[in-house]
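In the two assemblies presented below, subunit A is common to both, partnered first by subunit B and then by subunit C.
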Partner chain A sequence: MDLRRPNRPVIGPKVRQVGFVTPDSAAATSSSSIPAVSAAAAASAGSPPSSLSPVMIPPPRHPSTEMSNPHFHPVGSYNPSEQILGSPPALSPSRSSRFDADGSDFGGDDDESVALSGVGGGMTPKSSLLMCQPVTKTAPLVSETRKRDSNASKGKGEGPSAAPKEKLTKAERRATQEAQRAAKAAAKEAAAAGGAPSVSKQPKPATKPATQQKKDIPSGSGPLQPLAPSGSIEKKQGKKEVAAPHPRMQFDDMTKVGKLKKRAVVNQSEARNRVELFRHLPQYEHGTQLPDLESKFFQLDLIHPSVYQVGLQFLSDKISGGNARCIAMLLAFKEVIQDYTTPPEKTLTRDLGAKVGSCVSFLIECRPLSVSMGNAIRFLKNRISSLPHNLSDKEAKSRLQSDIDRFINEKIIIASKAIVEHGVSKIRDGDVLLTYGSPSVVESIFAYAHGIKKNFRVVVVDSRPKHEGQGLLRRLVERGIHCTYTHLNAVSYVMHEVTRVFLGASSVLSNGTVYSRVGTACVAMVAHAFRVPVLVCCEAYKFHERVQLDSICSNELGDPDAISKVSGRKDLNYLDGWAQNENIQLLNLKYDATPSDYVSVLVTEQGMLPPTSVPVIIREYGIERLWT
Partner chain B sequence: MPDVSDFILKLQRRRIEGSHATARQTAELLRSVVSQTRMPYTNQAAALLDAVRAVGEQLIAANPVELAVGNIVRRVLHIIREEDLSSSAVSFEGLMISEKSDDEDDADHKGGPVLSAAAVAAAARSTLRPRSLQTLLEDGPLPAAPSKSSSAGDSEGKSKSDKSAVGKRLKHSVIEAINLLIEEIDDCYEDISEQAVEHIHQNEVILTLGRSKTVKEFLYAAKQKNRSFRVFVAEGAPRYQGHVLAKELIQKGLETTVITDSAIFAMISRVNMVIVGAHAIMANGGVIAPVGMNMLALAAQRHAVPFVVVAGSHKLCPLYPHNPEVLLNELKSPSDLIDFGEFSDCMDFGAHGGAPLMHVVNPTFDYVPPNLVSLFITDTGGHNAAHMYKLIADYYSADDLVIKRKSTSSN
Partner chain C sequence: MDPPMDFQVVVLAGGTSDKLSPLVSKELPKALLPVANKPLLSYPLELLEASNLKNIIVVVEGDEAATQVESWLSVAYMDRLNVEVVKTPGDVGTVGAIRAVAPFLISTDILIVSGDLVSDISPGAIAATHRRHGAAVTALFCPAPVSGGADSSTSGGKDKAKKPSRCNIVGLDPTRQFLLHVVSGAKVEKDIHIQKRIVRAVGQMEIRSDFMDAHVYAFKRTVLLDVLEKENLYSIKQDVLPYLVRTQLRSEISAKKENSADESSNGATKELPSEDININSAVPSNQNLRWLSQHREIAPSSYQDIHISDCDKNKSRLAKKTHKCCIYLSGKTQYCARLNSVQAFGDINRDMLGEASRITGYTFSAQNNVVHPTVVQGAKTTAGGQCIIAEGTILGDKCSVKRSVIGRHCRIGSNVKIVNSIVMNHITIEDNCTIQGSVISSNVQIQERASLKDCQVSAGYVITAGSEYKSEPLTKR
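Right after this comes the complex of A and B.
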């Protein structure tokens, strides 16, 4: 231990930068019993030796690395065999007891929220306790990675050789590097013999796959050459890992909008009386194009009927909610893959990727993608492009389909089960729990807690125009849970009696901002003002490396007519015919951004985290995204 | 009195909406009560006070949440006291000590043995009010301008000293003063909206919630002065009065955007000022306002957006709030929130052993604590929340704060 100590501060930050990018480094992690340390070692050893010096010696970072070091101590001592699903014994009791203490008197509670939000600095012992949870998760995953890596057989042979590397003296390290170099050279020769595959090494899907893929379609005839440069650029982005996400499509950019229009399948007409502040977002007249699209159903050429169906369901709002939309999309893609046959003189990886891309752009036309869907698409494209080339169509298809199934199962279904287990540990007898809208995970937490005979009451807060809470209310009441229903404005009236607030999220951004159904920020704000803990339940696949400070830069606009008409209130017709008047605009926002200081804790399948450690999770999760 | 019972019935059934209408009608009712009261030979003021208090107590009990009723009752009581003092000061011209002003305030005036009637009246008035900067100035050696409400009685009250004449005069001047009060209630919009140009700037973005006539007039006034600005209107569920306000605003050519209440937090970062109306302003500077206002105030505080409350002085309530979210609130029918019949099976009190599984909460008001309010704009100008209790002391006398106890002790 003493020998390693001087090294670690040097390597520390580089773990985060490069450690998880190359497959060999990940593979190295798997064999180690102490994930963090081994990751550090892998960072040094696993990177290609040719680019040795910039990776290994980052001298100017010294002070900051000392700072970040404390994170890793408890991580190393933590038992990595502990699984996500089993509620972690080391973590849970201490946290829940602290939580319990604050529920009854508000003073203590305040303390906690401060401590949690202070984690950004990373210095509190609590934070390190929290952090260990996500890191442990990497171990089982990585072993998987390794298997696949060997499958891929991509001319990078140092996977096995890089493995046994957690305890290194300088001499040892040098020896292993020599070995690696040799292995690498050998592998290169082998790859050169193989020819083409080495050129197209896993082009990492971009954050905006749709626009990228669109460009690819016309050039798809020449299979490899035209794509190689873009692929390599993307690869570079993946390598840097700190690369900024693509700027989003701005709809006030007329030239781009024009281009988009030309390609569009769905010819949406622009809504009238746009709100000036939201020019950069698309807003269309709702419902006008639906019959037209339905009639087109039987004359499709490019788009698979199942995708088309899902798109129409998005358009008409029949499917809503992050998880539901994501699952519907993935299942549709599964069918696309099922019915796919590689055209002659094309390769499956290229052509199927393009096909999926065109489907995605159709879905975007129907409704802008949610972050969860974006991440799922990234995953799928990555899987497609990393398919080995010697597979037959049938094998490749079945493998992709099982990948999709696995994604749905692991990232959504099992993840939400894990969240339920974590969430339930924060419910005590006699609690009054408040929720807003109809988050599916929160609903299953309540259902599970009721199932294990916890005695609690639920306050369902709802808002216009969707009134999603009524559905939740109906389902909870049918289960026999005591409910109170109210509207968003009355939230400060009911907040007095509430002991916990459970919220859902559409995505959690890298700065801890929770991007969720509009109104969530209001609820979190009032809860914060009343010193009630706010628990945001969110699967980790909804995390995104983007950052956002307000709800205006990126959002989604709904149907303005939904505002002028109040359901069930025939007497309210003051705004009929509003579109005729130039002076009035109706704004129907769909999302808002909750600042991270309103969130006491994020409940994810990786454990309960302060919102400030979202970037950590994103970094850790990055490997999964790349290699599963 | 048929008028009174009629009005009580209206209050009980919540037929009268809005504090302006309530205040006005209460003042009119009390005027008729005063004019119908039989005046005894002695202690006429006490008789009037008792009559008004008896009616006032019933009115307040009819709708304890409508604080404007209590405000107006107290204002009228205050008017009676003031008129009584000024007229008695007139009648005992030359006398040092009037029978009412037995407080220590007379000690202040020992320097000047010969005082004019107006000075005595001023001194007497100061017994009703706690010492403040304003009253200090009025108390000066000169008979400074008497306060607005009592000026009508003052001007012609010098000549007569006959007792019965004084009695008539008292009643008359009280009625005059109540008329002034009604006028003041009606004019409050103008007085408030005159100040609009001082607060609304070119190209500002203003957010409001629900509908308030005061806010509407305020915005109109700024528009009339050719200020161009943009208004966001939160619709104010469950009454959706924001729709009405939006419609009224666009008719005047104001650029208006209607947003849902849930979008308040999203939009407030682009807003320069929040201007809202109030249901009542409490003595500590807290505000009872339509539901949703606390959320709006918190969001404004978060983004350091000024939160401005515009309200006429009839909404100033001399009471300090205790648990106002519950005690000064009113729960309305669930049918505003959910369609009638949709959840009726769940709300059945017979089904689950007397306690239904589901409750619907539909409160009418919200309490905004004083620390969230940046500015009050009333018809007497702009005020800080911490200054409200002084302002209130100018309008009400301390003896009337609790109307009920007084009346039970006198009964």
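Right after this comes the complex of A and C.
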């Protein structure tokens, strides 16, 4: 890749380990290359090492993570923790150079990135776990305290983890210990020696493994888990789950899956050969679910017809896209509330909450909820439970319905209008704009910009198997916008001519990670390598306080047949009957996580923000604060 | 009591059909014709009951038939189903039947099931498909039975000439979810006229003639009632469905109802805030929001949306006057048949004994037959496989029954051979008769040494001793 903008200051390449990294090799390479990189980083924390060329792939670990954890932890896909600690200050010059006209927008950029680096420092141990703990409401607080700390220790640069270590909360300390033990187990396996790990640090779960082990043995020996060496790591995770119950369902836990199946309405026959790393996500035999659910149409009296309809539409992918799904769900809930009558000897606040809960669990069975839907549900339940008790049924229902209307109107519709206003200000005449997939807000931005006679061109990047971009392309072309259509494979070529990248997001997490349609991270990385600013457009109601560093721990698996079959090419039949073959595992991920340092700016209804400001938005404008 | 899932069910039980002429009479309406010794109407009713649909409206043609059906229903389904019988004058067609029950219809969607349907396809699946697409009408189509096959060779070569009239011509979109073209049975002409605009909107249309309309429809109530206001409609299958399919892209029905809502949503201000970004705009109406959330749907075939935008370009604001006509295609493993001819009666009875025996609810014995314990069999009498013999029947010595249904309280003499036949209730067959491939209605007396082959005998007929009949309907004069 030759860069066509040689006059710009070249920043060191963002180097990361992409893909699935085996512990041994990574440990070996990291240990060999760390001294040099850490020395460079220590010498110049803020200034970019200009000598590196963009195609080099050294795997540097940040010194701080190495110091806090002597052993390497098995981490899934790319591990962005080091970038979070080191790079945001380094990034800001490039941003301001690109957005020189609007430098004022990024006035608070430095402060915010420091704050985030503090968060990152606090969270680093968590990043090394395969399962990421959702940091619930404490996250903004943590960032607050860290802000001061890391402001003080900013000069030191390389050692923020030593100072805040004393101030870790109990949960964080436990997480660190878990990480260290997992690392030890990995090291032990690498050495193939049965050295006793020092479990004495944490005596509490010492009794648990025995029971957990029993449960694990049948599942581990079964054909579903052919990878025997991973057993000990899984055991560790299982223990951790006992110690601190995980809020998210882990689908590699056979007993829990069994329990869930008993309750399930939708026929959920587990797909047989799933990818090892994604066992914790639900994957069912697609194709059997819809006919089965449809044939039970009249048997499920408890589910409201409109919820059922929405569930069917989710299951058949008839409604997709974060905003569309959220609106459809809320409208269905509105009808549920409309038809609701409080049973005798029950109170509306409790009973309606339970009813909404059962609807939600039905929808989850149809398709896992998106973050936006989760936030909307949380809002609705909050409203239900905070209703005054002396209200009559009618008043309460009308109040809830108008709440839902207001949510849709203010948080989704008006928000997207505001985003359009902000986003259009970044489009100049002669721009070449790139987008990926079919984000609704970005479509509106383009349409509006075209409406006010801006002169620009659009590159629509698409990907198999959903080809969502074709719909967007068609709508844009019909408006008279000049478009180029290409697939993700060609993004590195087409990025040469692009001046702005507009992306949509399913969610933005509090460390600035953008959780979006799979492939978005790839586009953002290529854009970053080409110094093209990446604007992520996302309504603030999709923000979530969770911290997530990779796209493994929470994701969604699509129908594997969708990627094994190529429409229109019947002769490509190499994968026919793959489900019978034990050696093939197909992975059709639906989402991926883009680390915040590939995102130049987040466009929200609150304005254009650096991705590091997400915790502030969550704190100040969060769902809980809506009309409370 | 609210209808489940906002669906009401109407069963069109018909009256005394001409097509089944020697078998059906005033005494025995079509609905009560025994199929595998159970009245025909019990098949759709039990299918609906299995889907938890307990409130059913049954429409019967003719007063006498209605009284008979009602009295049977009150006995058979007294505490199981809540059935309401509505009677219509004869010969008003299916549309007339629906007109008669129109005042009772209150729910959002109506499921119309033909009373002569013998099937194990869950009506819920059709209803759910209907809901999922938000369609105006969803029709069940199943692969047409291969008549003239191995089985029907014994049941006579008649009706072969009439066979083409039963075939439909059906146009489907590539995903086989939408119904784009339908010409049913009698109206098939030499040429097929297909609307260009529909093909243009879809891009590709698959035309099949091997699907059969199973006469199960889910209608949106508003659409159905609007259609009923029109004149010159007689049959749902031949008039209403083709009309809806024909007008799906220039719908007058949905235009009338939703015009006001569409006007504002067609401005597309929700999705494109081009004209006014007014923060204080009112809460959008429900209709618009639903449109907003679904218009971007990436359905396998979003052709209508595409077509809408086509219209937008050419003729401004003419869009959205569409309704969807969906199709539910049954699988190959599911059984689906309509009893609308004498031959179908024989075929269905045979299928009930053979491949589709699960529908009957009988448990077959080791010899693959159902013989009621009260049946008295003489010496050396054999009841072969695929037989049903109901209670109280007495068989003499050296009888042989193969692949046949024998009703209640029949008296069959010795050395009688019954192959491939349907013998209804209270029939006397004397010694040394041979009955092959025939249908014998109730209260028939067959005297000794008679031989019947491929005959239909009407109720109360007396066949004299030693007579031989072949391939003819025998009616009492």
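Here is the rule we go by: the second predicted complex is superposed on the first by the 375 of 628 C-alpha atoms of A that agree within 3 Å, B and C clash if a C-alpha of one lies under 4 Å from a C-alpha of the other, contacts with A are read in each partner's own complex, and residues count from 1 in each chain.
Definition applied: a contact is a pair of C-beta atoms (placed from the backbone, for glycine too) under 8 Å apart; a residue touches a chain by one contact, two chains touch by 3 or more.
Computed from a prediction, not measured in an experiment: that's the story for all the values here.
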item	value
Fit-or-clash call for subunit B and subunit C when the two complexes are aligned on subunit A	fit
Touching partner for A:305 - first (subunit B), second (subunit C), both, neither	second
Subunit B versus subunit C as contact partner of A:575, first or second or both or neither	first
Which superposed partner A:474 touches (first subunit B, second subunit C, both, neither)	both
Partner chain(s) touched by A:584 [first = subunit B, second = subunit C, both, neither]	first
Subunit B versus subunit C as contact partner of A:563, first or second or both or neither	first
Smallest separation in angstrom, by C-alpha atoms, between subunit B and subunit C in the superposition	8
Intersection of the subunit A residues that touch subunit B with those that touch subunit C	474
Residue ranges of subunit A in contact with subunit C within the complex	291, 293-299, 301, 305, 308-309, 312-313, 316-321, 323-325, 327-328, 331, 334, 402, 405-406, 408-409, 413-414, 416-418, 420-421, 438, 440, 443-444, 447-448, 451, 466, 468, 471, 474-475, 478
Subunit A-facing residues of subunit C, complex	4-7, 51-53, 108, 122-125, 127-129, 131-134, 270-274, 277, 279, 281, 283-284, 286, 289-290, 292-294, 296-299, 302, 306, 309, 312-313
Subunit A contact footprint on subunit B (complex, rising order)	235-238, 240, 243-244, 246-247, 249-250, 253-267, 269-270, 291-292, 294-295, 298-299, 302, 325, 329, 334, 337-339, 342-343, 346, 357-363, 366
Of all residues in subunit A, those that touch subunit B in their complex	275, 277, 462-465, 470, 473-474, 477, 480-494, 496, 518-519, 521-522, 525-526, 529, 550-552, 555, 563-564, 566-569, 572, 574-575, 581, 583-589, 591-593
